[in-house]
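Presented sequentially are two complexes of subunit A, the first with subunit B as partner and the second with subunit C.
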Partner chain A sequence: MDFLQLLFTDYTVRTVALGAAVLGMASGSLGTFAMLRRQSLLGDAMSHAALPGVILAFMLTGSKSPLVLVIGAAIAGVIGTLFMLAITRYTKIKEDSALGIVLSVFFGFGLVLLTFLQRNPDARQAGLNTFLFGQAATMLVRDIVTMVVLGGIALVILILYWKEFKLLSFDRDFGASLGYPMTYLDILLTSLLVIAIVIGLQAVGVVLMSAMIVAPAAAARQWTNRLGLMTGMSAVFGAIAGVSGSLISSLQSGFSTGPVVVLVISGIVIFSLLFAGNRGIIWSWIRQQRRRRILRLETVLSNMFKLAEQHEDLTHPHSRLVLRAMDHGRGGVEASLKALEEQGWVKRIEGDQWSLTPAGIEEARQFARQS
Partner chain B sequence: MTTKKTALEVTDLTVAYEDKPVLWDVDLLVPEGILMAIVGPNGAGKTTLIKTIMGLIKPAAGNILVYGKGFQENRHLVGYVPQRGSVDWDFPTSVLDVVLMGRYGRLGWFKRPSRVDVDLAMDALIKVGMAKYANRQISQLSGGQQQRTFLARALVQDAQLYFMDEPFQGVDATTERAIINLLQDLRAKGKTVIVVHHDLQTVPEYFDWVTLLNVRRIASGAVHEAFTEENLRAAYGGRVAFVNNGRRVLR
Partner chain C sequence: MSVAFEIQLIAVITAVACAIPGTFLVLRRMSMMSDAISHTVLLGIVLGFFVIGDLESPFLIFSAALMGLLTVFLTEAIYGTRLVKEDAAIGIVFPALFSIAVILISRFAGNVHLDTDAVLLGELALAPLDRLNFLGLDLPRGLVIMGTILLVNVVLTGVFYKELKLATFDRALAAALGFAPAALHYGLMAVVSITAVGAFDAVGSILVVALMIAPPAAALLLTNRLDRMLVLAGLIAAISAVLGYWFARVLDANIAGSMATMTGIVFITIMLLAPEKGILSLIRRKQKQRWDFAQAMLTIHLLNHEGTEAAENENRVDHLWEHLRWQPNFAEEVVRYAERKGVVRRRQGRLFLTDNGRDLAKQAMTH
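What follows is the complex of A and B.
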């Protein structure tokens, strides 16, 4: 019995993990394009706008079938997007404000509907609460099948239209001049983004779903300058966040999945911002420090040479304090001298007195010629 | 000139944004094998004109013929260099990748660039002096290198009629020279190049045809006929100062 139970639990966990992985890959890879097209906030607005759609779909059909709820979410998301386009076209309100308006109005309306449903002692509505912050553990096999099928379709279309979507994202006008129907491609790519968002709503929740769109792409951008690699990495980051978030929240009862997913993906983003090779903060800082140290060494060496030139004997020693004064009183002259000593370019005569070695004189001459 | 084919014929072209005319009743007749500058003050509709010809903007009225046929039919004969500032140069892609986009029109749906396309792209990069930057990330390019990347992309389109939007905008002397050589090279091969241009001083030196535009078409024809003081005054109003030595300076 124990063994059977374990197998059953294991199977559930495995199924949930599979769903979360596909969700993460779809939202991560489509998020790359959303980020590059500066549509990250659109994802946020669409996911919030989906809430009333989910609840209305349930109220109208009385069904909690995932396909019904996903279609409701998608319709509401699309209506929200159309509202936003209408606001920017027919009023003087700018896009960011229009996004904010649509996001809060739709989300508020969704919350009102949710509260209204909760007043009615209908047992079935309890599940809808999970759409706020997500609850991967509540997903049934049919939910996951829907996620995997829709997410898989989105990924296949993305790969199929790869070249066209790249063209759309980089240079829309040029693409149009080649004869590609850019409006159609735009609608297709945005629809894929809607799919990626709505399949994640039950697992991650409407409030934090946008993190699954924005964060993996932001992290991946730190590591690479290739669109293909960036999309792939973003998909992997999304999958890692989705799988670990849903597993942690499923095993620890009472945890919502959305916040856990966000914490995991934020960890990946912070790590990427700090440590990524080219753009990472840490490596930039280290490179800068290295340049500064070399600059300090060169300054001390050339200052010593300037002092030595005052004397017949170029190896005439001078005090560290003089060098420090020449360096405008900045610290680190002693450390620089020691580093130069290791190179064999200077040597300590006694106490604070230092002199150039013949090799150091040669080096300083070369340096003077270069600069 | 009469024996030459007509590369582009535009009749009665009118474009309006929200009832405000941007182009008004513009006619153009461009023979094959010339370098033509489109000049005019800011807001004269220069960019709008070439974008409308290429179907990127829907005109309110007018007819456009490229080599005697509608633009849709002869689209494959047209190459395009958009304004450099119109794209995000921090986009994660390489110089070679951008140039390959010029092949996308020939490739058609779903097909990826082949070895042959890569070879063509490399040839184009050699022509603009950018071969050693082929694998460079585009955010690391200077303004002039960005412009030359765009030119290489247009070259692999292997077109008959080229539209270039301000290719000389903010480029270094090397790039300016490279563009001029390229334009003359294209003309020698019988291609037609239409360039939105800003610098009036260089018009007689670089181009053999000119169109002066200010919402309406002021004049269009060979430089020595159309590029006159009278026409410039008509196009620019009082904003052009004429210096006695014949050099025209934009104020």
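What follows is the complex of A and C.
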């Protein structure tokens, strides 16, 4: 409850939470498109590739102004993406390897630059380290203003070009045949993704930023088939993770923001995978069990009917053991009989002898006609 | 052994040890699994450390390898529900496990030698300081560990070469012949995990990915044979490692990062210059195709009108643009190209086919 109280009273906490919310919304909603276009891991590559950009921007300008660093990150992210596209287009190397190469080589180069900087005593470079794991608590108001403005712009463009982006994601060729400039839209959407990633770097860190792209979208996907709703939910999930993660890490020492945010969003993913409406694992398991039970009841009932048909009197009782043998010795016959008894379709004569009731005969006939 | 030599030796051995399983990852299109595993082995190390209480214990390698296998298993289980795509499954599982590890370290293990920066960066420069006595020799610990892992990787690849090759290129056939591709798959993942743990100390988690993926990918551009690819990947990895060491020394920067940078630079160089699959040779081939095609068009045109009355008019250089819709200077260049190849001869502005040219035209028309 302390958290909530602080959220409304403490200015810094409120500012950080606002920034994290915008960040979560931007990465969540753009992540939806990334996931649908099977670019989930592109975010991973982009965020790692951004590291040398951040550091080069600082080295060249000497400024730690968030806008400068974000621009550097974005340029490096775009170069990394282009490099990846060049690898997959001009050589036979597949996308996964191209991603791995760009991700690790750019990151490695970023580390070279970072350690190179660190060995030159310069007080101002302290703080670039937070780009690895993110530290929301170190964010200044100007950082958050940059985040909110850029994230807001990305969201507005997303809404303005909603229809075009939807077309791009689901039926690119159709869009091209309608005369939309699909290549430019692709570049625009990818640029928005880059923006969503780079504004999150300081809060969440390059290492884990990819989870903010993939996870909210994966969670939202479980709840709905509609793109609008999915994007909205993904944005909300992203915002929840961003806000709770940044709050927890700001208030508890020893927590980097990135890992906390990732754990919160992973929790949301697990919950969604298990419990989401139609697709959830739990519900489909229950449905499957119910179908199995019904199938077993029907088998027992029709077996009893087959036996009864061999007698004048259709209510002639038969032993459970016979039914069990007809069911290839599979268990559960007793339980099925009891369930059928509750329905009033069979009754126990004595011991293990069971017979059909008139209602049960009617049911079995109907079932035989259907199948 | 001098310190510089020891560091380079560890770097080379680590790079080669990574390149071997990396070759199979690249071919099986599972490169990003190395990214996932190299992150999550950290959780295995942390949990193992909590149980054993000793960072030097070899048991940690097994707990880390188990965590690597768990990562693969979880990813496949989530993907298996068909609720998310495979790439998204990877992107969900490893950040979560890695986050748990980072939080556990910062909360409960802050004072032991397990800080998150070292995990990401690795500090190869310090490797020679940590020594142990091995078979009576005083060697750096990293050298012994990575040497053992390299040996194991080489031996395993040698022993299971046929099986790995088959399961990599034709999984269905491998299954039909009873080679248990699933067992091989998890075996390979175990090797990747163990290699990642060993390399982790030296080069950090993200750069393991560079060493595992970039050299094999570069090797793939140089050959189509698995055995040569393995050797080339090892060579490229070793060269990158040594270059990386010297680059880092010049800049006084992180060695692992600079090794990763070098794998990238070597990769780009090979991507541009590779004899058959390189981009430059691709461009050259396209160019040649363009000229050859134009030349074939020219010979067909000449053959068509050869010996007819119209030949006087048609087979003049300055008329080609009318008939073949070529720009005059392009036409001139094509004619020169064809002359160099001995396909046509020019006499007073008129073009004549040589015997070679006639053959070429006929061949081009029948194909």
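The working rule: the second predicted complex is superposed on the first by the 360 of 371 C-alpha atoms of A that agree within 3 Å, B and C clash if a C-alpha of one lies under 4 Å from a C-alpha of the other, contacts with A are read in each partner's own complex, and residues count from 1 in each chain.
What we mean here is this: a contact is a pair of C-beta atoms (placed from the backbone, for glycine too) under 8 Å apart; a residue touches a chain by one contact, two chains touch by 3 or more.
This is a predicted model, so every value here is computed, not measured.
J.: In this superposed model, does subunit C or subunit B come into contact with more residues of subunit A?
T.: On the superposition, C touches more of the residues of subunit A.
J.: A:G179 contacts which: subunit B (first), subunit C (second), both, neither?
T.: first
J.: Who does A:G110 touch here: subunit B (first), subunit C (second), both, or neither?
T.: second
J.: Is A:M230 contacted by the first partner subunit B, the second partner subunit C, both or neither?
T.: A:M230 contacts subunit B only, not subunit C.
J.: With the two complexes superposed on chain A, say which partner A:L160 touches: subunit B (first), subunit C (second), both, or neither.
T.: first
J.: Considering only touches as defined above, state whether A:R221 meets subunit B (first), subunit C (second), both or neither.
T.: A:R221: touches subunit B and subunit C.
J.: Is A:F170 in contact with subunit B, with subunit C, with both, or with neither (first, second, both, neither)?
T.: A:F170 contacts subunit B only, not subunit C.
J.: Of the two partner chains, subunit B (first) and subunit C (second), which one does A:V260 touch, if any: first, second, both, or neither?
T.: second
J.: Now for A:V269: first (subunit B), second (subunit C), both, or neither, which partner does it touch?
T.: Once the two structures are laid over each other on A, A:V269 reaches subunit C alone.
J.: Show me the subunit A residues, by the header's touch rule, that subunit B contacts in one structure and subunit C contacts in the other.
T.: 221
J.: Under the stated contact criterion, what part of subunit A meets subunit C in this complex?
T.: 35, 38-41, 43-44, 48, 87, 90-94, 96-101, 103-116, 119, 129, 132-133, 207-208, 210-211, 213-215, 217-218, 221-222, 254-256, 258-260, 262-263, 266, 269, 273, 279, 281
J.: Show me the residue ranges of subunit B that touch subunit A in the complex, using the header's touch definition.
T.: 51, 54-56, 72, 75, 78, 80, 82, 86-88, 91-94, 97-98, 101, 104-105, 107, 109-113, 137, 139, 153
J.: Over in the complex, which subunit A residues touch subunit B? Could you list them?
T.: Residues 36, 160-164, 166-167, 169-171, 173-180, 221, 224-227, 230 of subunit A touch subunit B in their complex.
J.: So in the complex, the part of subunit C that touches subunit A is made up of which residues?
T.: 26, 29-32, 34-35, 39, 78, 81, 83-85, 87-88, 90-92, 95-96, 98-100, 102-103, 106-107, 110, 116-117, 120-121, 206-210, 212-214, 216-217, 220-221, 247-248, 251-254, 256-261, 263-264, 267, 271, 277, 279, 282
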